[in-house]
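Okay, so subunit A shows up in both of these, paired with subunit B first and subunit C after.
Entry: the complex of A and B
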């Protein structure tokens, strides 16, 4: 079942003349884990906002084409209808904390208070979200006293507690150290495994190669490559546009030039593929 | 680093446990009493006879006296100086050459200081013993728009973050050679590279936070629920109505007094 259907979307922010997204078409099926890659200014965040309805409802601007999410045309419904279906989390964990709450537990409950969920149900759902994100021991701490990785997991829990159908994550680990990133990726992976549709914007291609079902590469507001991680992350198009490749792909490309990697063998994107390729290549 | 600029002191006294609206009504009643009763010593009587005993009951009297002292002292000094020296025609108490201290000026100053004490101390009664979020929660329940109470509560929590950000911008710009010390001209010139990044980054922060709370259905049109239940009792409800009545009586009394004695 198609849960997201973007059709020839072109969008321009109100203060510019240059389109941030240009003729973007994209379909995502239910339960899929889609990664979006691209350099700065490629339109990744704008696409996230378009999928969650903030484009055009929050940012205004001019939008052409159509975005359908969970059976709703985003232009025909309110932002409130959309936030109940699409959860959005983004980079800066600090700015995602409401600032109105004194404990992590209250912070995570904020969205449920806003949607008028009865108290007993609220407590149950918050506890579940805290367990899912592995922060149940932090329930009584102030959200401001936490590390970046913990804060980002609070932000995730605050969205997951609302039980959205689609999870849109815009570089949720960009401000985290490797330990914090791993903690957050693990939560995202579990969400995906449990059947939630996940859209993830991410620079860490090693993680994408391992977890994503499909990758979309954006450049200057256009989709330039789309397919499985193995196809897209090793494609020549990406290298031409100056995308950062995974260290495994880079190493194997170099090895290929020196005759250490078999020409007929596809370039690796994961540690396992690289190890396999090198051990057989040598033999 | 403190988590907030709120004055709230955690505690479990009877005062702490009162419903926030009861405390708010109490504060308003005391405040109005201090202002409206037209006798110089009334505000002192209210402070000593009502505010202070409640503060002792709530275990917050030390902090209250400290804050009252700090805030009121500079006011008191300037009011006394101005009112006693520049009263004009009056009964002189002392005279040093051309300067004389008038009795009427001193009494007027005493009255003003008393009122300031009542205002400050009654507000402290509320703020020292009430969590800002539960007060705002209670206000939202009686119909104050959620947007307004949200701004009040977040400001309390976010101002310290703002200060921390300002400090790190100052450090960053100094490490690049910005001179932030010296004469007035140098300091003024240093303001632009300090204020610009602070303002611009704060605007970005505000936009992101707006998106984040919107993503959590902040503008949901339906009715909201609340995780924390604030216990209320029928006694307190009755007490609040009595205090309302008292407020009306005090205002009525003051109007009557003005009409009778000022002409």
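Entry: the complex of A and C
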């Protein structure tokens, strides 16, 4: 079932003439784990905003085309309707903390309070979200006393607790250490496996290669490549457009030039693929 | 300007013990990366170097100044600090005003201020944005503004708190360029980062913190070779270091060139 249908979306923020998104069409099926990659200014965050209704409802501007999410045309409903179906974790977790709550527990409960969830159910769901994101020990701390990485987990927990049908995550691990990133990716993967649709903006392509079902590459507001991680992350188009690729891919590409990587072998995107390729080379 | 940290302990009000006995010396002109898990004390440590935090026990000296005896304003002439979150740092109406603020506060003569501002704009690629409101820029460019406004203060010690967060390949290159330029100018650069590949390619010394203590401190290659100890700091070695280990390279490699050279040498292709 198609849960997200973006049709010829062109969007321009107020006070500028340059479109942030240009003729973007995209379909995502239920339960899919889709990664969005692109350079700074490519339109990744704008696409996240469009999927969650912040574009155009909050940012205004000019929107052409259509965005349908969970059966709703985002232009015909309000943010209040969308928030129950789509959860968005901001790129900057510091902007997401409400500032109205004294403890992490209350902060994570904030969205449920606002949607009138019964208290018992609320407590249960908050505890589960805290456990999932590995911050149950921080429940009684003030959100503002936490490190950047801990705040990012609070921001993620605040979205997961809403149990949205569609989860939109804008660089959810930008402040996290590598092990923390992996934990969060595993949580996201679990959510995805349980049927949640996941849209993830991420620079860490090594993780995308491992976890995502499909990758969309944005450049100057347009989709320039899409397909499986293996196809997209090794494509010449991405290298030409200056995308950050994993060292496995870039090193194998250089090795290919020097005759150290087999021509017929696809370039690697993960450690395992790189190790296989280079081991075969030596045999 | 030498930075000396002696048996530094720090406990936040409320009782969280963030630093538990840190001792290290950073020589003038050194390029040091600080790595380690979230909540491990990295930011708490560097905030002692510019005096934002004062030791609960132990001492921090910058060029001989004990940070407990000197005001943050005075220390700002020696130590520049780029915040992890640029939004905590930026408040002016234009990029130009933002960058001029620091050097003007330090009382530099007008000519020097102008050349420092031009230099910082050029280094960070912000020349075309001098009239822009920083909040009209994307978060990643705001980060460059934060960086430029501290570089323009022309301090002997500069601290970057996670400069590459959310940056694409070309901005990471730009940041690496800023660090390389500061190195050429003999400045001390202390950088907190989770980007271990960036770390391996740009820093000669790495300090790994875990739970408020120094777990590893030494030349980058030496530190990155210790995968099992690094694991305790919640950090993975760089991608190519891991690849080298997994295909059995004898040498520890960090960069592409090192990897390919070692590969060719060892397997005789």
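Note that in this section the second predicted complex is superposed on the first by the 276 of 283 C-alpha atoms of A that agree within 3 Å, B and C clash if a C-alpha of one lies under 4 Å from a C-alpha of the other, contacts with A are read in each partner's own complex, and residues count from 1 in each chain.
Assume a residue touches a chain if its C-beta (ideal position, glycine included) is under 8 Å from a C-beta of that chain, and two chains touch if they have at least 3 such contacts.
Here the structure is a predicted model, which is why all the values come from computation and not from measurement.
Asks: Evaluate whether subunit B and subunit C can sit on subunit A together after superposition, giving fit or clash.
Replies: Subunit B/subunit C on subunit A - steric clash.
Asks: Of the two partner chains, subunit B (first) and subunit C (second), which one does A:39 touch, if any: first, second, both, or neither?
Replies: Second partner only, subunit C.
Asks: Touching A:271 in the superposition: subunit B (first), subunit C (second), both, neither?
Replies: A:271: touches subunit C, not subunit B.
Asks: Answer with first, second, both or neither: which of subunit B and subunit C does A:240 touch in the superposed model?
Replies: Neither partner.
Asks: For A:73, decide between first (touching subunit B), second (touching subunit C), both and neither.
Replies: Once the two structures are laid over each other on A, A:73 reaches no partner at all.
Asks: Counting only touches as set out at the top, which of subunit B and subunit C does A:92 meet: first, second, both, neither?
Replies: A:92: touches subunit B and subunit C.
Asks: Determine, under the contact definition given at the top, whether A:259 touches first (subunit B), second (subunit C), both, or neither.
Replies: Once the two structures are laid over each other on A, A:259 reaches subunit C alone.
Asks: Of the partners subunit B and subunit C, which touch A:190 in the superposed model: first, second, both, neither?
Replies: neither
Asks: I'd like to know which partner A:145 touches here: subunit B for first, subunit C for second, both or neither.
Replies: In the superposed model, A:145 contacts both subunit B and subunit C.
Asks: Touching subunit B and also subunit C: which subunit A residues?
Replies: On subunit A, the residues that contact subunit B in one structure and subunit C in the other are 92, 94-95, 145.
Asks: What residues of subunit A sit close enough to touch subunit B in their complex?
Replies: It comes out as residues 52, 54, 58, 79-80, 83-84, 87-90, 92, 94-102, 105-106, 109-119, 122-123, 126, 142, 144-145, 155, 158-159, 162.
Asks: Subunit A touches which residues of subunit C in the complex?
Replies: Per the stated touch rule, the residues are 12, 14, 16, 36-40, 43, 84-85, 87-88, 136, 138-141, 162, 165-172, 194, 196-197, 233-236, 238-240, 242-243, 246-247, 256, 259-260, 263-264, 267, 269.
Asks: Please give the residue numbers of subunit A that touch subunit C in the complex, ascending.
Replies: 15, 38-41, 45, 91-92, 94-95, 145-150, 171, 174-181, 203, 206, 242-248, 250-251, 254-255, 258-260, 271, 274-275, 278-279, 281-282
Asks: Tell me, which parts of subunit B touch subunit A in their complex?
Replies: So the residues of subunit B touching subunit A come out as 3, 131, 133, 136, 150, 153-154, 157-158, 161, 205, 208-229.
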